[in-house]
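In the two complexes that follow, chain A is the common piece, with chain B as its partner first and chain C second.
Moving on to the complex of A and B:
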């Protein structure tokens, strides 16, 4: 009996909740819609709790590196120090001057700077890859150039038709192909979910404890 | 042979990345210090965006700041320009968002534009409702009952904010402007706010996201109009007569793209000469 519960309870829970979400997405049927809303909020709460083990594991890992003076132990000092400073500042309240100062002058600036580094890599990657080695690469090169000229004011000041061409490329060929890919991914995902809800497939067998 | 000692190939096909990066730094840095004034053409979408906001004084707009800090380089000037227009035309502004940074960003930009009238107008002409958790579930709940969040970003209860007296559901908001740096948020806003008919939607997006939004933009489509990246912010600054950081930023962006085109041309010339040799 205990074995039966162990094997099937988890998959029954997955099946019931899965069907509830799928059903209430397409149909209005109270109180099922209310239940799915409440469950979605509970899922948000559970994912928030995932922060706690994450923080605990990070502290344990960095502390162990620090105590044995392992490789790059100085980076562990920075990681733990930053974590503690933001934690303490956060406890003073999200509107406290110290937290706002740290947020705006450290976190936002560093995040923006790291994202900006992409521009440098894109520049050298563009130089090395946009080359007319074959006719496919030539098409990519021409479309890439048209897109660049269409999105910056410099292109429009050379010829006003560049933005129109870029808009057309974005609206039709680009949207068409990306929607095709998205629909393919969605159908594949739906297949996996249906198999999981039915207790089949690798994930379904894992939930039942068979793998 | 040790790879470290392998001689580097030289020529048009193998320019050292460090040279490219250094040139990029100059091309981006110089116009920021000394703008060169590349002409900016106002696109039909930006003009439409401006006309929608200014056609009627006193309407209520909600700005959803759904971005991470990395998106602020482009979205920040857009948000500033929109808030300055809101101030000029007495629009009621509700700042909100479903990204955990929303409340902090709203505080930054509201302070920038309204700091001189903060004490007299907060809660009357503008509010910062902050971050609403739960992503699409949170959006649905917010659309149905804004007061379900109970308090604003600063912990003030909504009943103490006079402006919120008339704003109970998303139907009381004339336009929701989605400031986004990925597609998840605008897609969810279209599903939860526009499709059920609560409110009309505008978008302020990064240049990266904008092409994906294009099929949804139009008078008879879910997004009535949209502005794009730094360029859109500069255009909005221009039409609203509030020149700011975006105009200088656009020069830098244009020059960086000119540099990319130059290097692509150099790479292809190198390839051409190499073929001739062989």
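Moving on to the complex of A and C:
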């Protein structure tokens, strides 16, 4: 019975719900459109519960490090402490002053700081990429330099043609190639979705435990 | 009363056409038609990534990306999970510790299960605490970067749906000299994979990676059907150019339905 549910029930649920979402994307057919909206909300709620195994494994991992005073055990204290503080603050309500204070003054600040790191990483990755090691890298280097010179204010003051070249690069070669890639990606995405709904996808095989 | 939404007729017809091509390709491939996928160096390099970790006695980090299973990013995550599954099997064979991470709770449950299955198939046991959930993009970025740095991973495998934070992970891995294989179908992120990875799969190759690994007829037929439909699209575009050159707009107007 358990195998039957695992092998067939999951596939049937995926097929019915997948078909409903695709159908209501293209057609207006009440009450199906309302049902798909309600289902989308239910799916979001179910996925929230999936946080629990992750949180459980995190607590298990950190407490095991802490109990044996493993390497970097002090980090486990911070992780578990932060988890508990936010959990307790969250239980007081998402609009409670204590939760909002923690969210705005700790979480948002830390997130912004981490995102700001990207600027430095872009510089170092760009340095590694823009080295003329081969003719392809040289083309990339030249196009990159032309694009930068066309966008930065002093580029136009050096030569007024830089912005025109940048505009041409972004309008034609760049748009053309990215559209070609987009068509391939769209077909790949649609292919995976169609096969998943038809019960032939990789997701179905993962659920059934097949390799 | 069923009514087609305004402006969606042409895309619906394209979808119907694609569904037909997918099913014809599936019937042909499962019926015995030989279709091969060209050599994918990035996927072949998975053995090198695991072998390197085994020689250096250092762990491997694998992740199916920072996207969820739902929405347009889902298929990329599924492709990333396929790669993670292959990495897990190879890690189990070589006895290399594997860390597997995600920011999405649903993907976390699935990836833990996939890693456990892969290890079980090799007669080994996967430590579930090595499957980690960092449930927000920034915490995921800094969490996995810290993990990669702290554990001094030998190889970093990051194929899947990726947004901006992938650069934080890959640059950290680059700094510790990790061997990197990555890939995504998000156009904005493609340059970072070229910049940081030793091997990469770009765009639709991400979807082909799963088929390349599994060699499953259903997956191979899907890759083939995409190629067939791309040829059809190219033919339609060529026809559109020719008709457009005559000054007529009726053909391009068909796609505004």
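Methods note: the second predicted complex is superposed on the first by the 158 of 211 C-alpha atoms of A that agree within 3 Å, B and C clash if a C-alpha of one lies under 4 Å from a C-alpha of the other, contacts with A are read in each partner's own complex, and residues count from 1 in each chain.
Simple rule for what comes next: a contact is a pair of C-beta atoms (placed from the backbone, for glycine too) under 8 Å apart; a residue touches a chain by one contact, two chains touch by 3 or more.
Treat the numbers as computed from the prediction; the structure is a model and nothing was measured.
A.B. asks: With both complexes overlaid on chain A, does A:183 touch chain B (first), chain C (second), both or neither?
C.D. replies: The answer is second: A:183 touches chain C but not chain B.
A.B. asks: Given the touch rule stated above, what does A:64 touch, chain B (first), chain C (second), both, or neither?
C.D. replies: In the superposition, A:64 touches chain C alone.
A.B. asks: Once the shared chain is lined up, is A:192 touching chain B (first), chain C (second), both, or neither of them?
C.D. replies: The answer is second: A:192 touches chain C but not chain B.
A.B. asks: If we overlay the two complexes on their shared chain A, which of chain B and chain C does A:100 touch? Say first, second, both or neither.
C.D. replies: It touches chain B, and chain C stays clear.
A.B. asks: Would you sort A:53 into first (chain B), second (chain C), both or neither based on which partner it touches?
C.D. replies: It touches chain C, and chain B stays clear.
A.B. asks: Could you look at A:115 and tell me whether it touches chain B, chain C, both or neither (first, second, both, neither)?
C.D. replies: both
A.B. asks: Touching A:28 in the superposition: chain B (first), chain C (second), both, neither?
C.D. replies: In the superposed model, A:28 contacts chain C only, not chain B.
A.B. asks: Looking at the overlay, does A:124 come into contact with chain B only (first), chain C only (second), both, or neither?
C.D. replies: Touch status of A:124: both partners.
A.B. asks: Share the list of chain A residues that count as touching for chain B in one structure and for chain C in the other.
C.D. replies: Of chain A, residues 111, 114-115, 122, 124, 126, 128, 178 contact chain B in one complex and chain C in the other.
A.B. asks: Which residues of chain A touch chain B in the complex?
C.D. replies: 37, 40-41, 44, 94-95, 100, 103-104, 107-108, 111-112, 114-116, 119-120, 122-124, 126-128, 130-133, 141, 144-145, 148-149, 151-157, 160, 163, 166-167, 170-171, 174-175, 178
A.B. asks: Any idea which chain C residues touch chain A in the complex?
C.D. replies: By the definition above, chain C touches chain A via 1-5, 8, 11-12, 15, 18-19, 22, 26, 68-70, 72, 74-76, 78-79, 81-82, 85, 89, 104-106, 108-110, 112-114, 117-118, 121, 128-129, 131-133, 135-136, 138-139, 141-142, 150, 164-165, 167-168, 170-171, 174, 185, 187, 190-192, 194-196, 202-204, 206-208, 210, 214, 216, 218-219, 222-223, 225-226, 229-230, 233.
A.B. asks: Can you list the residues on chain A that touch chain C in the complex?
C.D. replies: 22, 25-29, 43, 47-48, 50-51, 53-55, 57-58, 60-61, 64, 72, 110-111, 114-115, 117-118, 121-122, 124-126, 128-129, 178, 181-185, 187-196, 200-203, 205-206, 209, 211
A.B. asks: Give every residue of chain B touching chain A within the complex, in rising order.
C.D. replies: 15, 17, 20-21, 24, 28, 38-41, 43, 68-70, 72-73, 103-104, 107-108, 133-135, 137-138, 140-141, 153-155, 207, 210-212, 214-215, 228-229, 231, 234, 250, 253-261, 263-264, 266-268, 271
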